[in-house]
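Mind looking over this structure? Questions follow.
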Amino acid sequence: MKKPEVALVMGSISDLDTMQDAIGILKDFNIPFVAKVLSAHRTPKDLEAFVTAMEQVGVKAFIAGAGGAAALPGVIASFTTVPVCGVPIETKSLKGLDSLLSIVQMPAGIPVATFAIGKAGAKNAALFVLSLLALVSPGLLKKVRRFRKKQARAIKKIKVKA
Amino acid sequence: MKKPEVALVMGSISDLDTMQDAIGILKDFNIPFVAKVLSAHRTPKDLEAFVTAMEQVGVKAFIAGAGGAAALPGVIASFTTVPVCGVPIETKSLKGLDSLLSIVQMPAGIPVATFAIGKAGAKNAALFVLSLLALVSPGLLKKVRRFRKKQARAIKKIKVKA
Amino acid sequence: MKKPEVALVMGSISDLDTMQDAIGILKDFNIPFVAKVLSAHRTPKDLEAFVTAMEQVGVKAFIAGAGGAAALPGVIASFTTVPVCGVPIETKSLKGLDSLLSIVQMPAGIPVATFAIGKAGAKNAALFVLSLLALVSPGLLKKVRRFRKKQARAIKKIKVKA
Amino acid sequence: MKKPEVALVMGSISDLDTMQDAIGILKDFNIPFVAKVLSAHRTPKDLEAFVTAMEQVGVKAFIAGAGGAAALPGVIASFTTVPVCGVPIETKSLKGLDSLLSIVQMPAGIPVATFAIGKAGAKNAALFVLSLLALVSPGLLKKVRRFRKKQARAIKKIKVKA
Amino acid sequence: MKKPEVALVMGSISDLDTMQDAIGILKDFNIPFVAKVLSAHRTPKDLEAFVTAMEQVGVKAFIAGAGGAAALPGVIASFTTVPVCGVPIETKSLKGLDSLLSIVQMPAGIPVATFAIGKAGAKNAALFVLSLLALVSPGLLKKVRRFRKKQARAIKKIKVKA
Amino acid sequence: MKKPEVALVMGSISDLDTMQDAIGILKDFNIPFVAKVLSAHRTPKDLEAFVTAMEQVGVKAFIAGAGGAAALPGVIASFTTVPVCGVPIETKSLKGLDSLLSIVQMPAGIPVATFAIGKAGAKNAALFVLSLLALVSPGLLKKVRRFRKKQARAIKKIKVKA
Amino acid sequence: MKKPEVALVMGSISDLDTMQDAIGILKDFNIPFVAKVLSAHRTPKDLEAFVTAMEQVGVKAFIAGAGGAAALPGVIASFTTVPVCGVPIETKSLKGLDSLLSIVQMPAGIPVATFAIGKAGAKNAALFVLSLLALVSPGLLKKVRRFRKKQARAIKKIKVKA
Amino acid sequence: MKKPEVALVMGSISDLDTMQDAIGILKDFNIPFVAKVLSAHRTPKDLEAFVTAMEQVGVKAFIAGAGGAAALPGVIASFTTVPVCGVPIETKSLKGLDSLLSIVQMPAGIPVATFAIGKAGAKNAALFVLSLLALVSPGLLKKVRRFRKKQARAIKKIKVKA
């Protein structure tokens, strides 16, 4: 198994359906990663241990998905200077507005890069990590640009049957 | 100095103005307490150490005030089974709606008792802690009831100059 | 039948589905309790009589679930100094944001401890009451800590099939 | 002193500034009224006594202003079938959205007529009460219609200096 | 057919499902009423004609349900001094928050009594009209009080199967 | 005086400060216009008469600014097929969110073109009307394009003193 | 094929279901139009090329539907002075509130006419374009007025089965 | 002058006060950067040219601050695969909620890393860029870690004068 470049954490196994959109991108681009369920509130010490371990093996980014009072991405960022990307999970009552504000409104000093609520956010968090890794990998940069072009072509060839 | 019964934590010294309304109640009722500035995001390990220490000296409740992505009360609750009361601090842009949702929308399993945004919430968190301490202190219960009566009398004697 | 330690009230029988998550916790921990449907608006005098009676039999906490203009927890708190825990019930149109604000934004002077909208809030209100009861019951404290550990273990052993 | 036709209640003396806009209308139209500060949460029994007394002296409407978890209008309505008009007071953090939802989202069975947040709501609650009283008072009806016409004329004669 | 006492208007036939809860109350209490679909935006002149005609036949109240940019209740109130009760209809995207704000936030000068979003609001608007009619009808007052008692009894006899 | 091409209406003279940003644009481009204070709620018949008169003199667009339950633009649109542009005025409590939803959420069938809350919206409503008039006026089109270029140049020459 | 008078753009093919309500109106009134899927974010250069081409063929209006961070209408408006009408598409989590604010809150200088979230907005955007085209087409004006009358008649003949 | 590593863009010079908190961090850490005012809506072509130029000189990240319908960060991201960090600027009416949703709710395919509304977000965007640059610069990593420790120490030494 290759050394992981990305650590993906989710606060609950029910978040996996959303986070699959991040996992799919990492797999498509052959980025080695670790994926874990760990909770800022229910497994605080295990989370700290995991973050420290991942920093030591040299991951380049964390992707953390959480819902409600979504402390997970911020707590990870409190333990590391490795870039942390937060994905607000849609919630039953408040539809992820709670998750979004809990992640994005970080106090000055500990940054968390936040993405859209739900699957679009999960996918974009992974794409953002690719951009970041591509800064030092011309091979990956090429692939990311190819992905963008393919994405554009797919849109352009749609015919609207009005 | 007496052994503290309550530990009061705030995420930033700028929260003190709000938290004074909790401190005022604790002082009026002669409840020994400790007050600290500690941040879930900027001083995670010190926060954990403080929570553990306070649990060991036997505090009966935590009161935690925080604003924005207000992880503080939930992170305290992740380290202890002592009751944690959260006070959402009013924020500049979103007026504390962010703080409120970040504190109240805790996932099932780790409870945080949440109070109103701002000074009313700070005062009520302290009054709630008194109610809780009064469960095993008939003397305090009497004082709390007297406070309630005095509060009612103060309202009743207001004359509206219409 | 044992003397109740907790009084659980809901504003409508339709709230029972949510409040079962509180009831489940109280049962799992063998906490004797009373559960009633009473409305702050439709049965105000019966509610007052019930609160007074429960205070006299010595309950240690109220758990009150209500939706919409959710006056129930605050009105209970207006009649007693026993700790009151409020659970905002999810509503059809505003998804419980109305319930949440009606419960959490109590004026200074009468505290209500508020928990998350819906089932997570119901479960956490009950867990919070356990923490409160555990302050004077080493046996219960042990059980609560065991619950926390079990909960953590359950999360840690999840394998993410990425 | 004449028998009151309207009872005006506010949850706190700080609400008086807003409620003056209701009082002004009642005075302008010579409607006898009583104005009191009483709190659903801090003086529940006095509130109940007041509502019952006012119903007995035959008031035709209640106007109740309250802020935050604004239970006041709903609790008044729980004790009487006399029409209750609620005025949401603007609050410091949430600007009266909390007050509005706490008043307007009453459960089916106990109606509260709700008006706009702040002074416009206070004025309109009083104007609404006039309309209601005018149903059985041709003299008042005439005055209300004259008020409407005067109001329209005042707008129509404005010249915009563009 | 008896002379109508209440005019019920809705902005679209799709609002009927909600407004049935108002109609049901009016029928249960034998209040003669007229029910129409008329739109402030699509049939402005017919609406004005209807309001004027209803005022002339002597209706005592309007109940108006509308959704989205719900101008209907305010426009009715602009044509009459008869009390107008507004019911915000739940909408597809914004769940009736748009309807609520469009109805309740009336400018000072033209009052509209607003009720909860959806069926609870429709039922309460009708119950409020009963209260208003009961001011001059001892027979109706008795019925309204009986309704309240029956409603309370129905709640009190619920047994919670915990 | 030249025949007006645009009719600008505001619901209250207090809206003039905002609407000046529309008036300024109309003046800068020498578009003849009429500006009036008229209220959908307080002067409904005068409003209807004004809209009809303006349609007859051949105005090409209405610009209507209103706040709160802002029925004005929609009511204007109910009386004419001339394009109506709505400007939500910022309100004291809800900051114009009420105005925005009351204007933009029009039911299908009667269109109102909505712009941003406050002065930006007023300015853009006027600029939009210019675009519309420019469709049949090559001279005006040239001026609008020149305005755009000047606007771009003004931005491009800003030096950031970092 | 006739020269298009309107260019309709949507950010994703999933928006077509909503935009059909605009297309339906354009077809019913025999307005020649072009409909395309183009994304401000994924196909920026193609979008610019399309807008420029459409301006050159002389379209009189753009109708653009987009969801989430809905930059599409504003970006189109940045490339042309032809009137742009924006339709906020309902989104999964935030129900189109995100789309609405992203479209309507344009900065002063570049106007976008915004319509309601979803199908009502799509239909009204097309109706608004008709009003605009009718300014220079007496034939179309007649048809638009006939549409309005037919719409009113359809409402007026509804019988409410209460 | 050194080759820039970061390009900082703001939509209006009025955003500079907020963006100074990003600039301050870049200066403190001696990161060469370019700062420009460019608008997605008012200077679209200049913005595209600037983004392309910056990508060619090899900047490692963009930081873009914008308010209202804040298309700027997303439009930058549409032209480059270099990581883009978005800062929602607080707005007058909606306090930056509009800016936040316009930036964070990007559709899947084009990522923008979003930070908190206002100065905290500006500072954290810059700190996040440092983390990203530190991935390939051990010297910078050391400095970032020192910054974190200093920040923690500053908090820990605060004494609360209760």
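Descriptive notes on the structure:
In this document, chain identifiers A, B, C, D, E, F, G and H correspond to the written order of the chains, with residue numbering beginning at 1 in each.
The definition used in the following text is that a contact is a pair of C-beta atoms (placed from the backbone, for glycine too) under 8 Å apart; a residue touches a chain by one contact, two chains touch by 3 or more.
Everything numeric in this text was worked out from a predicted model, so none of it was measured.
Note on connectivity: the fewest steps through touching chains from subunit A to subunit H is 1. Shared contact partners of subunit D and subunit F, listed by label: E.
Where subunit C touches subunit E, the two copies mostly use different residue numbers: shared numbers make up under half of all numbers in play.
If each chain is reduced to the centroid of its CA atoms, subunit B and subunit D end up 35 Å from each other. Averaged C-alpha coordinates put the centre of subunit B at 43 Å from the centre of subunit E.
With each centre defined as the average position of its C-alpha atoms, the distance from subunit C to subunit G rounds to 49 Å. The residues of subunit C that reach two or more other chains are 12, 39, 42, 68-69, 94-95, 97, 104-107, 109-110, 112, 116-117, 120, 148, 151, listed in rising order. Under the contact rule stated at the top, the pairs of chains that touch are A-B, A-C, A-G, A-H, B-C, B-D, B-H, C-D, C-E, D-E, D-F, E-F, E-G, F-G, F-H, G-H. Residues of subunit G touching subunit A in their complex: 8, 10, 12-13, 16, 20, 23, 27, 33, 35-39, 42-43, 46, 68-69, 92-95.
Across the complex, subunit E meets subunit C through its residues 90, 95-97, 116-118, 120, 148, 151-152, 155-156, 158, 160, 162. Subunit C contributes residues 11-12, 39-42, 44, 48, 67-71, 74-75, 77-79, 91, 94, 97-98, 101-107, 109-110, 112 to its touches with subunit D in the complex.
The touching residues of subunit D, counted against subunit E in their complex, run 21, 60, 81-83, 85, 100, 104-117, 119-121, 123-125, 127-128, 131-132, 134-136, 141, 144-145, 148, 151.
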